[in-house]
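Right after this note come the structures.
In the two complexes that follow, chain A is the common piece, with chain B as its partner first and chain C second.
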Partner chain A sequence: MPNAYGLTTFHLMKILTKNKFQTWEKVKNLSSPKIIKQVIKSELTGKGGANFSTGRKWELSYPVKYLICNADESEPGTFKDRFILQNNPELLIEGINIAIKALKAEKTYIYLREEYKSLKPKFNKIIKKHSQYDIEVIIGAGAYICGEEMAQINSLEGYRAESRHKPPYPAQRGLFSEKTCVNNVETFARLPLIWQDDFDPKLMLFAVSGDVENPGIYEAVQGIRLADLLKEAQPVDPKAIFFGASGGCLPYDDNLVLTHENIRNKEAMLGAGGIIILNQKRSIVDICRSIIQFFVDENCGKCLPCREGNFRLLQLFQVYLKRKWTVEEFDLIQELIPFVTQGSQCALGQSSTLHLETAIKHFKKEFTDHVENNS
Partner chain B sequence: MGTEKKKLIIDYLHEIQNKYGFIPKSELKKLSLQVNKSPAELYETASSYAYFSFTKKPQKVIKICDSPVCHIKGSENLLKHIEKLIGIKVGEKNSKIGLETTQCLGLCDQAPVMEITHSTGSGQDGKFYTKLTKEKITKILKKQRLI
Partner chain C sequence: MQITIDNKKIKVGADWTILKAAQKAKIKIPTLCYHPDLKPSGRCGICVVEVNPSTGSGEPGKIMTSCNNLVREGMIVKTKSPKVLQQRKTNIQLVGCNFEKEEEFRKWLKLENLPDVKELRFKPKPSRKPDISSPAITIDFEKCILCGRCIQKCRDTQSVNAICFSERANAIKLDTSLGLDLDQTTCVQCGQCSVVCPTGAIKEHEHIDEVKAVLKDKTKHIVVQTAPSVRVAIGEEFGMPIGSLVTGKMVTALNKLGFDMVFDTNFGADLTIMEEANELLYRIKNKKPMPMFTSCCPAWVNFMEIFYPKYLKHLSSAKSPHQMFGAIVKSYYANKYKIKAEDIIVVSIMPCTAKKYEIQRDGMACDGCQDVDYVLTTRGLAKLLKEKNIDLKELKNSEFDMPLGLGSGGGAIFGTSGGVMESAIRTAHYVLTSKEIKNIEYKDVRNSSGIKKTTLKVAGQKLNLGIVHGLANARKLMEEIKSGKADYDFVEVMACPGGCIGGGGQPQPTTKEIVKKRASAIYQQDRKLKYRQAHNNPQIQQLYQEFLGKPLSKKSHHLLHTKYKKRSTCRR
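Let's look at the complex of A and B:
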């Protein structure tokens, strides 16, 4: 079927035309253990970036009081959830219905980022028509950190938009101190597909942006070569690939195999599939400056290493706009990286300097060119 | 189904923000009695979100995205262009209009982008403008009667 971008046929979208809510009609008569067993068997993994088995997570969580759909996508370069929310909200609600039935959730929140709030009425309509469960859409208030599950729980409880310590995990003690399960939009949307014959757990959405002719959403299996993924997107004279703001970067390589494991082995993170391509003319130092600015603006302020570390990094990166770094300043930049990584509590803080670490590793000359008396 | 509808703090804060265009201290005091939380705690919560503000915003605010993808697509130059057109710097406001940078709006495939928010009596509407160029921005601001 043609999609919003007119490019690829999406497996994820097929169900929209074919059999809306038909899977739910089948699944609603199954018992919770049977549904969970099927989800485990399907090998579906979480699409919010962690890639953990959805079925195993459910097994550990069952039963829950609260279910949360994390629709607070705000990672730069990541807009795949928006694609589902806009183009196939029915599939998401169908998946949520299945999850509620499997986990015996009493109440479900869809935590929708503020920038996507215009979609709320459409969701309420679909929920009213297709779900007998208590599902409520909550609008966030513009805080990146709320995409992290513990911060999202904090936000729903009426506290500051900041992370909190794990354990206890949401499955043990989550929202309002009750057992809770948090899943990502795409994870829910893939659930109804499990009951289709051609289900492939390796399929995921990639959001492609930056220096490409056709930015947009592409669905592909994990394990695809970068060049194959970008065949239609058409990269222009590519130099580097950034995995969102927090996933680090790698030199562009046609043969780069896109699996979570492979990218992790290269010390970067595939995460939620945000792919930002930079061309040969782009300054790696300058994009790092922009990413540092992002982590300063979106800092929750809770952990000193992340709060102060990123702020000091930004100051150092503002220096380079006016003059070269001294050798000491460049050393300080490199010292601050592990300080932030090791001293922050949540996954976002821990990965907030990964871009810099990997950029200095792979594009060191671009940095040392900005250091004075460098020979 | 069974559970009663429980209004969350974030819902109340949205209501106040939408009604007044900002969160007046007096409203936090009123809310504190309603939800049994101190005004200081409510302030602490509200102040951690970019969407909530404590001073009245101009009727229209231009928010230009300066996240990494928009950044490489030239958002800094566009920002300078807007500053020149409307005569105020980023972070400033006048009675009619404010100019801010914002972080990722989730439209990286259509970068560079900006949002112009419009405060009405019943809330704040935002309109997104994508694939911006200097010419396009001049046209949009003229049409919005901002220049």
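Let's look at the complex of A and C:
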């Protein structure tokens, strides 16, 4: 039976119950290159959404001055980091210890989402007890964009959370213009597991929500069929699946294979594993409207195409509540989608219209029903 | 490294941006938020190009901003592909929604060299009240297109942080710090924001109408003076080459506008040097607070009053050249020509916005008469001339009026960073040794890249000199002095990069390259002048003989010196 988190698998139980700081006792005597080599060999990939090899990223970054743990989880429908932060913060700190040792970081920041700030004292206690390194918990300034690594770096420096242009990448010139490595909470938490015999790099956490009987956190290997993942969550009359707000959507399909590559081939993004199920009664157009509203509120305001483009999209989506779109208006919607995607410089802007692009592709009729004289 | 732009093969440096490569190859990419002196931000997205466009096989071309993306070996760039044009068009249309009137927007597009767009599809956004609280700078928020250039200037070049972005996402807005009225912030009125603003959202209080009204008043005697930096820049406003020296034409233009007397602020600069050089020597002799800072830059004085009030004793008490000039006009000149001081109006043409603040400071008036009544910037004068259909370029040369129209080379070089120092050296050397300095062009003090330190040996003394421009550099210097790491005797500080020739009231565009050309015009002028040291200016000698006595005399102090006081900011 799933618990409150929809916990099912053996490995997830391990995340919860693993013997604390045992791996660290082994790893702390290894040299940096040895640890990095081991991480590369393990094929662990970043769990923040990019799915890039953690070991390779470290190899490119080594050595760094700053290490940042991105705990600013704020993608709608994603709450897997909170699960780790609440239930096994020791594992996170153990992973951070390993990363510091591997990357020779002088200072580490845990950028904790403002909504999770009650966890800070607990963290400080664990750090004091189990880490000889300089680790500081910083409470985020409360914006979605702070989860984007370059904006997070700006925020840590005390500037506006605006995305910075890449390159230079954090590994070249990051926090306070020094070499920096940014990793996600789950990535850190999985590090200590590498030294266990049954480590599986394909395992990841899925946050399942929406029209399901049992929303929660589920752990599964990448490549699982959607129906298998949702066996215990029990979707109700499903129509569509949204991968968070920024990952786009696909029609619900029992046989959808959940790998990053497969979802990307279908022009959506698996991202950080946020799965939102929508039932047949939901209006896709209305869901899109609320996602647009989200991006209108949460972009950083820097690039004109993202800021103004999303705002104009929202204006258009407020129109349809009152009357049907004209053909010109619907054309403009479709014109603004690539305009925003192409013109934005950070991952937020570039993916802020993906939901709309994929929704129109897969549920076109729902949209054209709202267009005048379109029979 | 080689790349291809619009089918043209171009050799490029590895650290070049796509935009730089295109500019070198003379391929025009429209830009808006890009400014050569600032870090490219990519905010406006107008400079987009298509990179590696689809050749039928692989990935489709990628749209990217050319100002901040670097070239890569073998890159193929299209600047006019349909995809690029479409992206840019929508972008410009969205910029257009910041303008209330369509004609205004189209006029602006032309001015900025941006491609026109047929239809405007987006409605304007609601506007905000302008900020007119500051005596020098106005902000019309409605015109702001959020390019962020002003903020970069204020924060990075000047370290003043009076303006910033506030709110986020769609609510993002240009704002003053803490949302205060501009005159309550740390704004020093240097006007660097206004020189880089592409839409005129930030500009100076023009005072053109006031000056026009005064010019019609026949009961007044109207005197105009022009700063050394105006004559090397105003030609640019009339399509003349950068670095054109147009003193004679400018004088003719001012005569045409109807000023009764056209005088030269260079005369005032000579007077400042006489007072300031002597003050320096007095301070050394009498062990007064050292180092001494120059005080002719009003934005720098503001900066000290706001950020470093403990060091106000170190500022020279000498007024700035145009203030001294105004005081002399309303005393010496008024007496000599039997005109009542209150009937004289002094208008200063300045490369500066802070001068508009300076004229209404306490202590900038003598016997109830404000030294200077109005300040027009270089841009302001050009605008006035254009309104009156006076084309500067076509005018003949005229000479300044006498007796206050004669300036030395020492006064002329005030306009560029290092100039006040060089002029002071020329005169201080003479005062100390009774001999002229051999290398009259004391080049050690020129071409400061921000902070320059040099040592002058004169009459057995060693003087450590500092030449600083840009207020962020000034802040660095002040922090050094504060921590006791620096041992300067005399420091020249100019708030604007490059000195007054790069001032906040100068024509747009003003860039490092343009400032260099203006500087060389200034030095060229110095070389041509008959008198090159302030103390050799016969009119100055006459003024001291007939009126002031000697430098730092009681009369001098009364008319030509001032006081400073700590200013509290950020109050509601």
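Basically, the second predicted complex is superposed on the first by the 362 of 375 C-alpha atoms of A that agree within 3 Å, B and C clash if a C-alpha of one lies under 4 Å from a C-alpha of the other, contacts with A are read in each partner's own complex, and residues count from 1 in each chain.
In the analysis below, contacts are C-beta pairs under 8 Å (C-beta built on N, C-alpha and C of every residue); 3 or more make two chains touch, one makes a residue touch a chain.
As the structure is a prediction and not an experimental result, all values here were calculated from the model.
Contacts of A:Ile35 after superposition on the shared chain: neither chain B nor chain C is touched. When both complexes are overlaid on chain A, the residue A:Leu336 reaches chain C alone and has no touch with chain B. Using the contact criterion defined above for the overlaid structures, shared-chain residue A:Phe79 touches chain B, although it does not reach chain C.
Ranked by how many residues of chain A each touches, chain B and chain C are led by B.
Contact with chain C, but none with chain B, is seen for A:Gln345 once the two complexes are overlaid on the shared chain. Of the two partner chains placed by superposition, A:Leu175 touches none, neither chain B nor chain C. Looking at the shared chain after the overlay, A:Ile263 reaches neither chain B nor chain C.
Of the two partner chains placed by the overlay, only chain C lies in contact with A:Asn310; chain B stays clear of it.
In the superposed model, A:Arg160 lies in contact with both chain B and chain C. Residue contacts after overlaying the shared chain place A:Glu298 against chain B and chain C alike.
In the superposition on chain A, chain A positions 143, 160-161, 297-298, 300-301 are in contact with chain B in one complex as well as with chain C in the other.
The residues of chain A lying in touch with chain C in their complex are 143, 145, 160-161, 165, 167, 296-305, 307-312, 332, 335-336, 339, 342-343, 345. Listing the residues of chain C that touch chain A in their complex gives 40-45, 48, 62-63, 65, 68-70, 83, 86-87, 90-91, 94-95, 97, 121-122, 146, 165, 167-172.
Residues 73-79, 82, 106-107, 113-116, 132-134, 136, 138-144, 155-162, 207-211, 215-217, 242, 245, 274, 276, 278, 282, 286-287, 290-291, 293-294, 297-298, 300-301 of chain A touch chain B in their complex. Residues 1-3, 5, 8-11, 13-14, 35, 37, 44-45, 47-52, 66-69, 71-72, 103-111, 115, 126 of chain B touch chain A in their complex.
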